[in-house]
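Here's a structure for you.
So that you can tell them apart, the chains are marked A, B and C in the order they are listed, and the count of residues begins at 1 in each.
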Amino acid sequence: MENNEVLIEINDLHKEYTHKKILNGINLDIHKGEVVVILGPSGCGKSTLLRCLNGLETIQGGNIKFSGKNLTDKNVNWQEVRQKIGMVFQSYDLFPHMTVIENILLGPTKVQKRSKDEALKQAEELLDKVGLLDRKDSYPRELSGGQKQRIAIVRALCMNPEIMLFDEVTASLDPEMVREVLEVILGLAKQGMTMVIVTHEMNFAKSVADKIVFIDEGKICELAEPDEFFSNPKTERAKQFLNIFEY
Amino acid sequence: MDINWVFIKESIPLYQKATLLTLKLAFWGILFSILLGIICSIIQYYKIKILQNVVQAYIELSRNTPLLIQLFFLYYGFTKFGLKMSENTCAIIGLTFLGGSYMSEAFRSGIEAVGKTQIESGLSIGLSNIQLARYIILPQAFSVSIPALSANCIFLLKETSILGAISILDLMNVTKDLIGMYYQTFESLFILVVAYLIIILPLSILLTWIERKVRYAEFGNQSTF
Amino acid sequence: MQNLAIKVLFDGLNLQRLFGGLLVTAGIAFTSIIIGSLLGILFGIIRTSKSKFVRFISRLYLELFRIIPILVWLFIVYFGVTTALNLQLSGEVVSVVVFSLWGAAEMGDIVRGALESLPKHQIESGKALGLSFWGLYRYILIPQAIRRMLPGAINLATRMVKTTSLVVLIGVIDVIKIGQQIIELSRFKVPAASFWVYGFIFILYFIICYPLSRLSKKLEAKWQN
């Protein structure tokens, strides 16, 4: 994976909220086809890092390069960039006033100006893959959390992104629904989708990640392959962190 | 008590005309109030410099002064500076001035009710600001605002009773004239009350129905594509 | 020319007379608010009654004021009741009667809402702590009820102040009437008087109502629990 082209290059990234430093010099390369899982204690800045990649947060120092293009440039057309970066949030946030299929088709038809038929075909294929084709005319309020999250993933995938970002997508779900969502993500990984995942699900992280990035207090504390990281953490902080998850 | 039904029957055309006039003025007043309200709430939402303060001042001035004074000020005050306008125009402007601030507050609370995460979701699929407003924010804001908007419509409709003060031949003036001329006080007042019931009750019921339907379908704007 | 026009406000006893009229307006407003509030609290307690009939009748009473414009009520009492009962009521008395009844209706709704929204477990917690019936009311129920009532009550008072502008239309010599008299007298000397006089009255209402509405908002935000 390390030999593939670098899709995202994060250089010395700094971010702060009114005098509080959230990201304190992050350096990270994400290669095509790679699955990077970001772990860390609450408040360490992992969600913020993800949000910076999608332009949802302002940056105070350093830069982010996406396929060579500098995203910290003032003239960046975020509309274009965001079509290539798919993001799924913890709160899934399907648009409540639209049906499932309308939610999914909004981006492809209105932003990417694709033909409705072509987009519909792709949408239905994807819905079928996650097992929700029969729900395409339902409204979000009729669905369970797990179903909504899977549809949020389909909505992002229908934009044909080059990379997918997942921000604690199972944190709001009942335990029984967590699995169905994680299986979708695992499926994507097998297909070679480049992904950056922020999660608390340790077993999932172990099975899906090519690389584990452990962040603490705004800095990358440890960077390793999952087997290494989970069985033999090198830093004190990582050891402490992993202890929390073992009873 | 003998009720002079003949008088009532003969007065109906007069009241009918006045009712239609009231409805016409109310219609335009409400329409322009809504437009003004949308513009003001957009200005406040995007925090546009200077205009935001103007809107803020406008809202406070319009909500803390009575319609009667606004009308007098407009009709008798401004005309002295060469600005000529008919009573009907003045009435509509007055209603718009008063109503705009109320509508603006209703829209603003609707817009603010749309969650930040909804907006981020919209941005993440590449929507532009305009598309965001059109497909995500406004439909949801509208649904949240409907109760307040319909209350405002009823409010403005009731305020039309004041328009008679600037010599419009509305229901109040017709009643006053008839009482003055024929002394059929009870009958005149009776038709007056009936007229207002006819104007306001159906609208109130219609709006409650719309409110319920919109909430049930949860934003029911299904023809987005 | 305008610089001369504004002088009409300061000409002779004009300002004094305007404030005399303001006193009439304030008197009506103040009296109505006091009577309306007291009656309203009583009415509000009545509305929480378990009897469906009582609740229906009292709800009807409120809706009468919500559907029929206040000006129409003023006409009904001023022209109708006086003729029917063969009484000669002054505009001031009619105003106080109508506003008090209206205020009571609205206040009753506010009080009812406040009482019904009190969490029942507070009463249970209070009892568990050993509070007596009066202790319960004094330390838990009344303070909380007041918090829920006050913003709405202040808002109602503001609306009542604005509505007092209508009394000029049933012949009361209030600040607006006096303003009109001044304008009439100055018609030839200072044609633009209407702008300044109505403008002045506009500002007067604003000065009274704006602080009240700010207070209501502040209290509402402060007690948002």
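The rule is short, and it goes like this: contacts are C-beta pairs under 8 Å (C-beta built on N, C-alpha and C of every residue); 3 or more make two chains touch, one makes a residue touch a chain.
Please read these numbers as outputs of a predicted model, since none were measured by experiment.
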Q: Farthest from chain C by Cα centre, which chain is it? Let me know.
A: A
Q: Would you identify the chain whose C-alpha centroid lies closest to the centroid of all protein C-alpha atoms displayed?
A: B
Q) Between chain A and chain B, what's the gap in Å when you average each chain's C-alpha atoms? A) 47
Q. How many Å are there between the centre of chain A and the centre of chain C, using C-alpha atoms for each centre?
A. 57
**Q.** Whole-Å separation of chain centres (CA-atom averages), chain B against chain C
**A.** 22
**Q.** Overlap residues in chain A, where contacts from two or more other chains coincide
**A.** none
Q: Report the residues of chain A in contact with chain B in the complex, numbered from low to high.
A: 54-56, 78-80, 82-83, 85-87, 89, 91, 93-99, 102, 105-107, 109-112, 116, 139, 141, 152, 155-156, 159
Q. For chain B, which residues are in contact with chain C within the complex?
A. 60-61, 63-70, 72-73, 76-78, 80-81, 158-159, 161-162, 164-165, 172, 175-176, 179, 185-186, 188-189, 192-193, 196-197, 200-201, 204
Q) Where on chain C does chain B make contact in their complex? A) 67-72, 75-76, 79-80, 83-84, 158, 162-166, 168-169, 176, 183, 191-192, 194-196, 198-199, 201-202, 205-206, 209-210, 213
Q | Touching residues (chain side chain B, partner chain A) in the complex | A | 115, 117-118, 120-128, 131, 135-136, 139-140, 143, 218-222, 224-225
